[in-house]
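In the two complexes below, chain A is the common chain; its partner is chain B in one and chain C in the other.
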Partner chain A sequence: MAGATKPVRILRNLNAKIAALPMITTALVIFVGCTIWTIVHSFTNSRLLPKLEFVGFAQYERLWSTRRWLISIENLAYFGIGSLVFSLVIGFLLAALLDQKIRFENTVRTIILYPFALSFIVTGLVWQWILNPEFGIQHIVRSLGFENFVFDPLYNPDIVIFGVLIAGLWQGTGFIMVILLSGLRGIDGEIWKASRIDGIPKWKTYLFVVIPMMRPTFVTALVIITAGIIKVYDLVVAQTNGGPGIASEVPAKYVYDSMFRSQNLGQGFAASTMMLLSVLIVLIPWAYLEFGGRKNGK
Partner chain B sequence: MDHLKKILIATTAAGAMSISSVTLATELEVTHWWTSGGEAAAVAEFAKALNEKTDHTWVDGAIAGSGGTARPIIISRILGGDPMGATQLNHGRQAEELVEAGLMLDLTDIAEEENWRDLVHPVSLLDSCTVDGRVYCVPVNIHSWQWLWLSNKAFADAGVDVPSDWFEFVEAGPALGEAGKIPLAMGQQGWQVSGAFGVINIAVGGPELWQKINVDKDAEAAASPEMLKVFDAFAQARLLSQGSNVQDWNQATNMVITDQAGGQIMGDWAQGEFQVAGEVAGEDYTCLPGLGVNEVISTGGDAFYFPKNDDPEITAAQKELASLLLSKEVQVAFNLKKGSLPVRGDVDLEAANDCMRKGLQILADGNILVSGDQVLTPDTTSQVEDLLAEFWSDNSMTPEMAQERYANIIANAD
Partner chain C sequence: MANNMNETTAGVVTGPSGPKPRPILSPRNIMIYGTILVVCFYYALPLYVMIVTSLKGMPEIRLGNIFSPPVEITFQPWVKAWAEACTGLDCTGLSKGFWNSVKILIPSATLSILIASINGYALANWKFKGSEVFFTILIFGAFVPYQVVIYPIVIILRELGLFGKLPGLVLVHVIFGMPILTLLFRNYFTSLPEELFKAARVDGAGFWGIYFRIMVPMSLPIFVVALILQVTGIWNDFLFGVIYTKPENYPMTVQLNNIVNSVQGVKEYNVNMAATMLTGIVPLIIYFASGKLFVRGIAAGAVKG
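== the complex of A and B ==
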């Protein structure tokens, strides 16, 4: 029986399978193929041009003893946790407030979403000016009479990454808000009626009923935010260019600079392989829980 | 498609030939990162020469940002099979692999025909263009890092004399600070910090020490007590530059021009900015080669490379441009605007100002060093830049800590 059904299964939906072939080939050759190529070359001493002279783990040893890389990882952690928590919290609060059937909802929503239409380069430059102590926030507050007010995150190596975080949140939170708002709108009105009859306070309904029901929406938002965190590059380049010193460097910038500024492909590939590895560490357990579990359970 | 193109080119060529037998006009795209006022004025001289003296047209491909931004763009275009007609690079080791991979046009035939080896002074500039006896680039100017630019008015305002060397400058620092000036202007980019470090190294530690570390890659010299003095002096410079929050070098130069800052350690390209602002050397500003301590200049500079191209017309135009860049007139016109020194020993720089004359004199006396670009790979250079940029922005990092890591980088340099 089993032997007889198998060939049929492969031939079933043949048209759809043929149509998917180009996509599958692209995925295999470009994503998987190039990834393998990169990983292989990360074990070589390639400089400006790729060559296959293997040096073992030398590039990785150097990578993990380079202070700039360690600072990059640390910054990514701060930036990542910060944007994950704040985009979701602020995004959800804004969405919940907008959901109170207020007037001019469209206008408010458009204003909050607008920064998302700007590229990271523009966002970075705008916030570079806003946070510049000589003509930004610090200057304005000082001219109001608070002479000793200091707010110059971009010039303080200890907190510069939070200056970048502010710009990132300003740009991205509106979009997360819209996604969560659409999730909120998807909640059946009957639920609200039922909770009102039971006398449950509004915040409790949100926390214990609505949010759990919005799980798929949250997963979408989470994936979008996480992807944004790992590839953060242009924002830093435009806003601080890694400075002051190397205090706001991020891994993606390390990869780019090693490959093109230092003309050291091997080092850049090693760094990008580490980035891939960190993504996989997060992604594999999540994918297993999300997809693997469903197949077995249902 | 290709055939059609070839036929089209052939017929156009034949048509043009039958009308007049002059060489064909070709558009040459030239990429460079000369975008500040003085630099743009200088590169315009090249464009003018090409447009007027040949039938070819200069298509300007200026890339904003410093060399650190422009080089990756230039190199990836060459590697990606979209070569420009010509491009600026600092000669030496930056283009080493591109040449070895056969991506650059061999200029040996014109170099021999025009006898570049006798023309170019110092000849080390041409050596940096030479790989296995073949010439691959045209040096266009000599740039030296070892200059301290001082604003005479800033010192007058502070009530102190214009210093005559680095140590007097450091002493004058507090007085400048009291007068509300920033003693030392510094753009917050790695290459500027690292360049200033090299200058202080040569001034405080002496040229021999610099050579041992950068040419011979002697890690012991990098860890020596003499070198610690250099790091101490560098830490002093860090202190003097507190409050200098600009990014680009020309913004920092502008602080000196507008007398907000006492001085700036910057290469002689800063001179072009003073010139554009209408300042007079000796009256409005003072320059101290070698920080007034060791009057030595490094003779690095800019060079033009010509990426290989399939089109023979472009190759011909490239060669014409190569020989034009070295011609006497162009050398004089370009270098006067740029504030750099010409690569030919036989040109007359009557219009040269005070500072350029000082430079020419040092050059004629032979007090010269090779430049960092010529002896260190970009890999080592950027590791040093990262270290020094971190040191510069982090006041809690001591000279000892920085020196230890510096010695480590030199030990691993190739």
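== the complex of A and C ==
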């Protein structure tokens, strides 16, 4: 009797299980399965086609002795540090500026944020045009009388990555500003009143009271920026295509080119595994702070 | 006016109340609004440059500077970018990429939102053993760099016979839209009052009945947010388009890049900028039309990068 009324376990909630199938499949096949597949194949000597002939860490050794990969890493470091520092600083200054109870706040925010709606391809192409030495900023400053003025970041291998950075910042700072502004708005108004009564100057209140209170918001912004940095690809393809020479190559482009251009799958797998590793280095401490801390702490 | 005041505040000493009004031209205001003006100018400049360049003729571009407004407005570059610009030997313009993008966008956005909303609904209201585990994997999946999984997906699509075809790309967009959209819908459905769900259960409504008759009608704002997120995200995609489609199916961003960065022929900067504008217009319209919802959408989709 009891056995007859008790439904079979797998059939309980069957509709929900069927409905969740796409999610389960994606989680297991794509995010777990494909990731493991790539990591495993990064230890093989696959070239045109993936095959399971293991060669240990040979692909990684080769990767780290390839000049193009080293330049990619170096560029990523410059681009990454530049993005982090400038997005956070500019983003915060803009957020603080917009938080001064100004008029037209919506209009200003709309103007600063619109680049974020544009693709990296569009961003890269516009800045390629503005930074064009023959017609763009360099040309204009020269025609104002400064004949020797030089500003051609996209044609100078030493600083090309900063030309890409300019475009990246233009596209992304608005978003960081919006996140930080929402964090600022979450600060209790009493804090401001208290600091005014104590006669603390405004910038000091920001620096020593408000910013430490906004720690979670900053962490979110940090994770967002970092995730974006490691993925940077389209912007470089559109703006410089890795040039001049290989001066503005980035890891994501190295992966794509190894896999789909030079038929060197093993290198592509090893490089992408390195990318995954760098994401984990950022992600694990963050996840620990965000979720682990909450469980143990409060 | 004075009479009114006397009547309403009779007996009370009237004096100025509220914060001290600030003079409009205080040094503080001049500094703040001055800075804001410069910042807005900087952010608006590239859009302005794009528009003015696309409206000039090539002779004028060679002579003048990129910031000066066009002396003689011409729409020729726009026409050429749309209908005649060349990628390699194919000179049919960007219109082809536009229609490809539309063909990719409509099924991708619809399917990904439909599937993710049902996933989110199942996670919020019909938890089953292991559902949270799969969800956690999915969310962490949002952080996996695309480069790690793109090649195995090529193999999967090839096995399914979808590689290089539009349905394949649609599937890829559905997969990569899933983490963030599922999170979005799950959180929204969780925030709805539970009594509603329970009442419907008591009335005998099942899984699909509750979804279609209660959850969907009550959640239209979040569907709009998801739509904005997906439309801009899919329209702006480049990586998946270039990997999973063949040249005849290239989305607009890929074709735009091929047109502008092609090494053959004389560079026509005005046509290039017109083509860039044409590609940027769709997300810009969505952005300017949706206002605050866009901010909500991207804040939710932040992890998507």
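One rule holds for everything that comes next: the second predicted complex is superposed on the first by the 270 of 298 C-alpha atoms of A that agree within 3 Å, B and C clash if a C-alpha of one lies under 4 Å from a C-alpha of the other, contacts with A are read in each partner's own complex, and residues count from 1 in each chain.
As a convention for this text, a contact is a pair of C-beta atoms (placed from the backbone, for glycine too) under 8 Å apart; a residue touches a chain by one contact, two chains touch by 3 or more.
Remember, predicted model here, so these are calculated numbers, not experimental data.
S.K.: Output check: A:Gly174 vs chain B and chain C. Expected answer is one of first, second, both, neither. What do you get?
M.R.: second
S.K.: For A:Phe260 in the superposed arrangement: first (chain B), second (chain C), both or neither?
M.R.: It touches chain B and chain C both.
S.K.: Go through the superposed model and pick first if A:Leu276 touches only chain B, second if only chain C, both, or neither.
M.R.: A:Leu276 contacts chain C only, not chain B.
S.K.: In the overlay, answer first, second, both or neither for which of chain B and chain C A:Pro157 touches.
M.R.: After superposing on A, A:Pro157 lies in contact with chain B but is clear of chain C.
S.K.: Of the two partners chain B and chain C, indicate the one touching more residues belonging to chain A.
M.R.: Between chain B and chain C, C touches the greater number of residues in chain A.
S.K.: I'd like to know which partner A:Leu48 touches here: chain B for first, chain C for second, both or neither.
M.R.: First partner only, chain B.
S.K.: Of the partners chain B and chain C, which touch A:Asn241 in the superposed model: first, second, both, neither?
M.R.: In the superposition, A:Asn241 touches chain B and chain C alike.
S.K.: From the superposed pair, tell me which chain A residues show up as contacts to chain B and also as contacts to chain C.
M.R.: 132, 241, 256, 259-260
S.K.: For a test of understanding, state which residues of chain A touch chain B in their complex under the given definition.
M.R.: Its residues touching chain B are 47-49, 66-68, 132-134, 155, 157, 241, 243-247, 256-257, 259-264, 267.
S.K.: Which chain C residues qualify as touching chain A in the complex?
M.R.: 32-33, 35-36, 39-40, 42-47, 49-50, 53, 61, 65-67, 115, 118-119, 121-123, 126-128, 131, 134-135, 137-138, 140-141, 143-153, 155-156, 174-175, 178, 182, 206-208, 232, 235-239, 243, 253, 256-257, 260-261, 269, 272-273, 276, 279-280, 283-284, 286-288, 291, 294-295, 298-299, 302-303, 305
S.K.: For chain B, which residues are in contact with chain A within the complex?
M.R.: Residues 68, 71-72, 75-76, 79, 94, 96-98, 101, 188-189, 245, 247, 377-379, 381-383, 386-387, 389-394, 405.
S.K.: For chain A, which residues are in contact with chain C within the complex?
M.R.: Contacts found on chain A: 12-13, 15-17, 19-20, 22-24, 26-35, 37-38, 50, 94, 97, 100, 102, 106, 108, 110-122, 125-130, 132, 135-136, 139-140, 143, 170, 174-175, 178-179, 182, 220, 223-224, 227-228, 230-231, 233-234, 237-238, 241, 251-252, 255-256, 259-260, 265, 268-269, 271-273, 275-276, 279, 283, 287.
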